[in-house]
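What follows is a set of structures to go through.
Look for subunit A in each of the two complexes below; its partner is subunit B in the first and subunit C in the second.
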Partner chain A sequence: MPELNPIVVEAGIGETGPPQQGVNLSVRQWLRTNLFSNWFNAILTLLGVFAALLMLRGVLNFTFSENREWDAVRTNLRALMTLSYPESQYVRVWVAVGFVMALAGMSAGIWANWGGVSVKRMSTWLMGSGGLFALCVLLREPSVILDSEGKVLRTVEGSLQRESVWAAMTDRLGWWIAAVVLITLGAAIWAWCSEPDRRNNSVAVTTVVFSGLGLLVLSLWLVPYGHYAFADGTYIAVPGRTVAFSTKMPWTVMWLLLFGLYFVGRSFRDTRWQGIVRGSSNFLWLISPMALFWVVLRDPALDYAHVLSTDLPMGLAFGVLGGVLLWALTRSDLGEAGRLTAVGLLGFAVFNWVAAFFGLYPMLQKARISFLLVALAALLAPNFIGEVAKRRQLILGWLSAMALVHYMATMMNTPSTVDIQSSEFLGGLGLTLFVAVIVVLLSFPLGVLLALGRTSKFPIFRMLSTSYIEIIRGVPLISVLIFFSVMVPLFLPDGMELAELAAVLTGYTLFSAAYLAENVRGGLQSVTKGQYEAADALGLTAAQRTGFIVLPQGLRVSIPQLVGQVISTFKETSLLAIIGLFDFLRVANSVIPAQSEFMGVKREGILLVAMIYFFFNFTISKYSQRLERRVGLGER
Partner chain B sequence: MRKKTMWRLLATLFAITLAASACGGSDSSSDDSTASDAGTAEETEVTLAASGGSLLETIIDRGTLNCGVSGSAVAFSELQADGSMAGFDADYCRVVAAAILGDANKVNFVSLTAAERFTAVQTGDVDLLMRNTTWTQSRDSSVGMDFGPTTYYDGQQLMGRASDGFSGSSQVSDVGGSVICTSAGTTTEKNIADAASEAGVSIELQTFEDFDTVTNNFISGACDIITTDGSGLVGRKAKQQPDGENWVIFPATPISKEPLGPTYGQNDSAFADAVNWAVYATIIADEKGVNSSNVDDMLANGDTETIRLLGGEGELQTEMGLSSDAFYQVIKQVGNYDEIYSRSLNPVGLSREGSANAAWTDGGLVYAPPAR
Partner chain C sequence: MSIDDGTTVANDRLAGREDMIVCVDVDKWYGDFQALKGITATIKEGEVAVVCGPSGSGKSTWIRCINRLEVHQGGNIVVDGIELSNDLRNIEKIRSEVGMVFQQFNLFPHLTVRDNITLAPIWVRKKPRAEAESLATELLEQMGIPEQAEKFPGQLSGGQQQRVAIARSLAMEPRVMLFDEPTSALDPEMIKEVLDVMKELARSGITMMVVTHEMGFAREVADRIIFMEGGEIVEVGTPEHFFTNPTEDRTKLFLSQIL
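Moving on to the complex of A and B:
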């Protein structure tokens, strides 16, 4: 952990941005100081480079070998992304992706101050990638190595017998040209901005990202990646054409959404709408995973008679009566009666849940949840006693929470119209991302609560949290998942059932929360006692002290561990395969090799899966580094 | 003042309680699953013990058949690139759905691992298994399953290279000293060990996680011989044999018997009859030359048994609790045994001719009792 290293900390003082000490050295000086400072280092460097090149060559030979069946991956791309989602309703998937793109663009516009990348740095990237390209072209073995008399010396796995080294290199002319173009371009830009007055030229990160993505999307229209698509249930493959219209059109729209909403977001910046837009985009980020999954992708078939006769009146009753109750509870002349009522309500809510398990007291699940929420809101109510505006805040919050809960519950409870002959309507990357996002979102608040509980002064909270965390941490994730998918359904009362996915989400969230709690606790413990005392001296309540003083500092310190937790949560979703869900990896590992057309072809798919996992995790990791810099972690 | 407030609060509380329980009382059973996801929300879970009735009625009420398949068994049940389930077993799920529900597409395929398949039937997660499940005495008795007519006669065989001196007439006694590979945790492992010790030869047995890995090791030369069910070996040979190599499958008489067919919970005759006769219908149709393209013609001009089977005189079907045209729908929508077989198994190199899966009239074992 760099923030604990005193040397790094010292070097970081007084500097903004990344450490600059390497910039003034020439390439030769840099090599000498960093890689060849003494003979031992030189040997290590050479060995390391040799090993790296050897590995790179292995990967290249594997990837471009002629008996790789990349067709298996191409044909199954859609299966890898969404598995069984029906073609006729595929527009729903695009709507979901588009919504996320639009939201991302909006947030980037309204929130982010990404800063710039210096042009000189970009030129080194260009040259570097050109060099890497050239290296790859050079490294990859020719399919067959011939000796001077044209006799075959050695064949590389599964190749056509045609190439000498020279023939191989000329064969790859296109790649050579690409490498040369990249290097020349980079060198030209480097030379251009070496002039003193252009040295500090930079381009905004957003420009770089958007134009990079734009180029990718443009390449879909121009470069002959090959035309692979399903049309009316049959699969059509035409290599040598640009990708299918049903691929390039949606991605163009996605890019336009991202790009367009960025400007919309930016136009709201520093206006009086800024606060509202920021608030609502945060809110949308929070609810969009569930709403997209259960409403957009599932397309519930609402039974309007039932909605009007039961769901709507019930939601209204809870909203209105709960609102009236909360209004009464926030009166300033209420005294202890408010607390008593809240505790009474909590008891009633808990009783409902307990009763449900013995089948004693039939009631809609929604009502149970609502009663619990009423009780929690009532417990919170004393914080809102005071002027009318404050009380109105609570009531509005309550009404919107009720609207959201009842809407989502109704939607989840309604059967899907998505016509699918499988037990889960979504699989592949879609399922992996959904599970990862939901688990991270849900386990975060739970984890923070557990961490607070474990550091609490009250023995009962401390003991409960500690035992929860220790029990969960003492059990491997796989057994938690199996427990929730196999055992828990047996414990449920008659008539109550838990779908596989819901069971898994519950189990995984509970598991992840325990680990998250320990990460957060580490952060909380780094907050010095002086901070607590200062907060007490200011007369803050315990809740205010936690919310305004302790948590912000504690969470800031735990960013690296929290990000580590997010990444491992994302990767461990691959364990879902064991309890029968078709996650991304399982599609590559056991669905594709079982197709009679691609029997036994699994390495190609797994390579792709590994690359996509890496892309996501590297992005998360990079973003967290930015976040750390922004909150000044490690510079204090 | 304070007392008054208290009363008002309690009154509100009471009103909420009333409102909620009023809404809750009416339809608590049908709507009681907020936590449950998507497709299953509607599903009423019925186990035999609980309902007392037959699964047949439950399926007709529900409108879909929950069919347990492997999902990763080449040519038997494979998930296609567009997410649909294809293969021999998958088609037999469709046969049952067409017979019971009149629509071959009303199947909800549930992919099960070998370990969870029987539990899934016992808990009612699936109505039946079409999952490469071998009919054995212990499964029929102590595991609590019942088995329908065998749809595919399989048997464990070995595969080696002709360059190592193996041929189609090799026997287990010829494999002494070889490295034999198979997938771990299956009965194939035990079968080959038993067969080798019976033949009095010593072998080195290696096991791997799945059969893809086994085959890759065979291709790379780490294994001399691989062994699994014959259907699997034929498929591997057809698809993965490199140019210039000749893989041979032996012995001609498999070292084990693996009859595969529909599997369901025991003591439910009505459902068992429906499943069994749906399967028999495909076999009889094959015997009578009725297929999906000429079924309309045969319904009008076929012999008496054909017409009876296809619902011309529908009492036999209606007495079973099916609609009179149940088997007509089976043949029309899915096809007869030969069509189902050729659709999935011919592409991987399995042919009926000369195998146990030929019709009884051609010297095979595929035989159905008469429809009368």
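Moving on to the complex of A and C:
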């Protein structure tokens, strides 16, 4: 049976004269039906094409203008990526990137089933890009004439003196050749696979991706991109040679990791290890942001003595003693005593915070958080009374919660390399990505919990979540960030330090969770009453009902909003600049223009930054469309 | 009220069987509105009871009280010896013993047919996955749709969906099956395929309580027909009694409208 094509199924909804999507039309028919169906559409199409060409011309003239100083970007590439992350520690950045590459390769190997790209399709890409090259060469205005000293020549009236159109076209011979080569190559492949028996030839997507990346890496060794760097205040520009060894070697290793681990992953396909490898690679993805955060940011001189003498024993103590307590609280013969204990604990935990506020008695913040968690778990305990398996669930949940919380708290307490006042500081795209990924990852579970709380049938949960969400939504992000970076350290009891970045991450996560909760709530409300009843009638517990029935359906409905939220979280990281962090945009906007070599050169960097932002967000958005289509299958 | 207090079994077949569902004086209010007024009835093990009555008479409310999708305020309901109360454990126990089939199917749209069926056996009954899956295959075969296991509910016809819903309930190996107008949302040509499955089920000896207006079905397999109106049981009797010489005027009126 042929695969159901969702596009075909959806086409025609709300359309009167449906364009025949999903059906193969010849180029001419397609143009006819979609762009030139009547004279009005034809005029619109022509106007649109004209506007697009004008814009392209503007971009080309801007990019290739003699006034552009692309050297400012070239020499500052590293600054844009990681700002002044210390050179001596740089290997840690590569370790982190390498880990992600390896994991990506592994996951692609064990999961990916991307199918193939038809060769014919690729030939159209080649011809298309060749055509685009040619178009760009034609559109760009003739270059300005420079005199022997490299100065622009002006006419008597003062306007710039440009070469003739003919001279411009012949000057750009290299581009013409590139365009012709691409078009010829594409056409040759097209002709080759027009033979009936080759019509369906295709190449695996993985092959295309890996060889494409491989060619890029290879070009680092062969193509004289030039060696540009800005290190220790000196400006290096050596055109006509390949990039520095410290650039091409790591990227080669990265590519090898990606490619190698792909084969490792693939060798586990369809073996009995498949399940385990899939599970562990998913798990690694989940924890890698935290772990890599640690790899990149922690101080090289970590106080292991403190970790061993205080942090570790404390985590263990809470884990074990809390576990024993919870085990006791889930005994079926306990009765009201359990509830009383839980309420007592809650009182104690709340008192700890109040005491801290008045500076009454010192205690590590971690202990306060842990006591609060013990109390909450004890309140939950009655739900787990019953068989041993059920009680064990609670204990396991408790132990993992403790492991996570204590790990995170320890990490936050650790002095980091990224002391903002120092000159050795992570910034740029590295910082932007870190903040975005961690905020999205942490705010997701929190947001889902808040949404569940807001739709819960228990008034107390509903009230707490609603007021949290409404308060946060009433406050601009920027003030939340300022509050957390400036005010929170003042409230912290003695002996507790929170790295500024950690404070900001906390604030941003709490902020983002409130919005996420609202998006998820919209999805949850679309789950019909019948679904709850069916789950109840089958005897599922409330937690199972939520996990298996309500959340999957609710989250699926909220995918578009959730992706929108991810994208805006990513973009709004640029607000970090206001509280003194050096995010990606700030490097382009204020760090580079302040360098004496590139005084005031902003536009180039900002254009690059915009392009990179666009690349990431466009990818996310495309991916989400695929995801929506895939999970939408069951909906019809 | 009627000639019958609802506890007499009018059929020899069931004489001496144990009580499966016992309702005594059950009251249910929605705010000020009383939807059930002192319902008293006993359903025996293996009995097939058909509940009918005009729209709004409280049929759904009653059978939804039996697995506590609705909470009753007065009287007692005992299912298989377990009294329905606020105790969470009793509720979970009863729900895993009582299957329910809804008018709107209520299949889980994000899960395949197979996963719809195996979810509860795996997570509530703690069955090994392989065992649950072979049970699902068996049930789908019994429902006459063995080839639909990998599809999503949205890709099936209404009649097929309702049969999957029946299979999903049966996978919990319940002792009682409740049906709330299982064929009302179906196109006429699909009603028969669902009723056939239900008839077969009735003959297998499971206890069934069926809210339906399909009088042909009632005549063929019901041990008793319970007629409700205005939140009360008006008349109870064997199909023979019910269709040939109903005693109550309200029953006669209803039958004249529906037959």
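Annotations for the structure displayed:
Heads up, the rule we're going with is that the second predicted complex is superposed on the first by the 453 of 636 C-alpha atoms of A that agree within 3 Å, B and C clash if a C-alpha of one lies under 4 Å from a C-alpha of the other, contacts with A are read in each partner's own complex, and residues count from 1 in each chain.
We adopt the following convention: contacts are C-beta pairs under 8 Å (C-beta built on N, C-alpha and C of every residue); 3 or more make two chains touch, one makes a residue touch a chain.
Given the structure is predicted, the values throughout are model-derived calculations rather than measurements.
When the two structures are aligned on the shared chain, A:Leu394 is found in touch with neither subunit B nor subunit C.
Of the two partner chains placed by the overlay, neither subunit B nor subunit C lies in contact with A:Val566.
More residues of subunit A lie in contact with B than with the other chain of the pair subunit B and subunit C. When the two structures are aligned on the shared chain, A:Leu325 is found in touch with subunit B, with no touch to subunit C. Looking at the shared chain after the overlay, A:Ala291 reaches neither subunit B nor subunit C. Shared-chain residue A:Arg78: touches subunit B; no touch with subunit C. In the overlay built on the shared chain, the residue A:Ser370 is in contact with subunit B alone; subunit C does not reach it.
When the shared chain is aligned, no partner comes close enough to touch A:Ala436: not subunit B, not subunit C. When the two complexes are superposed on chain A, none of the residues of subunit A touches both subunit B and subunit C.
Of all the residues in subunit A, the ones that touch subunit C in their complex are 386, 389, 528, 530-531, 533-541, 544, 548-549, 552-553, 556, 631, 633-636.
By the touch rule above, subunit A contacts subunit B in their complex via residues 75-76, 78-79, 82-87, 230, 233, 235, 294, 298, 310, 313-314, 317-318, 321-322, 324-325, 328-329, 331, 333-335, 337-338, 341, 344-345, 348, 362-367, 369-371, 374, 409, 412-416, 420-425, 427, 486, 489, 495-502, 506, 580, 582, 587, 590-591, 593-596, 599-600, 602.
Across the complex, subunit C meets subunit A through its residues 67, 69, 89, 92, 95-96, 98-100, 102, 104, 106-112, 119-120, 123-124, 126, 152-155, 168-169, 172. Chain contact summary for the complex, subunit B toward subunit A: residues 1-2, 5-6, 8-10, 12-13, 15-17, 19-21, 23-29, 31-43, 45, 66, 71-75, 78-85, 87, 105, 107-113, 116, 119, 123, 210, 212, 215-216, 235-236, 239-240, 344, 347-348.
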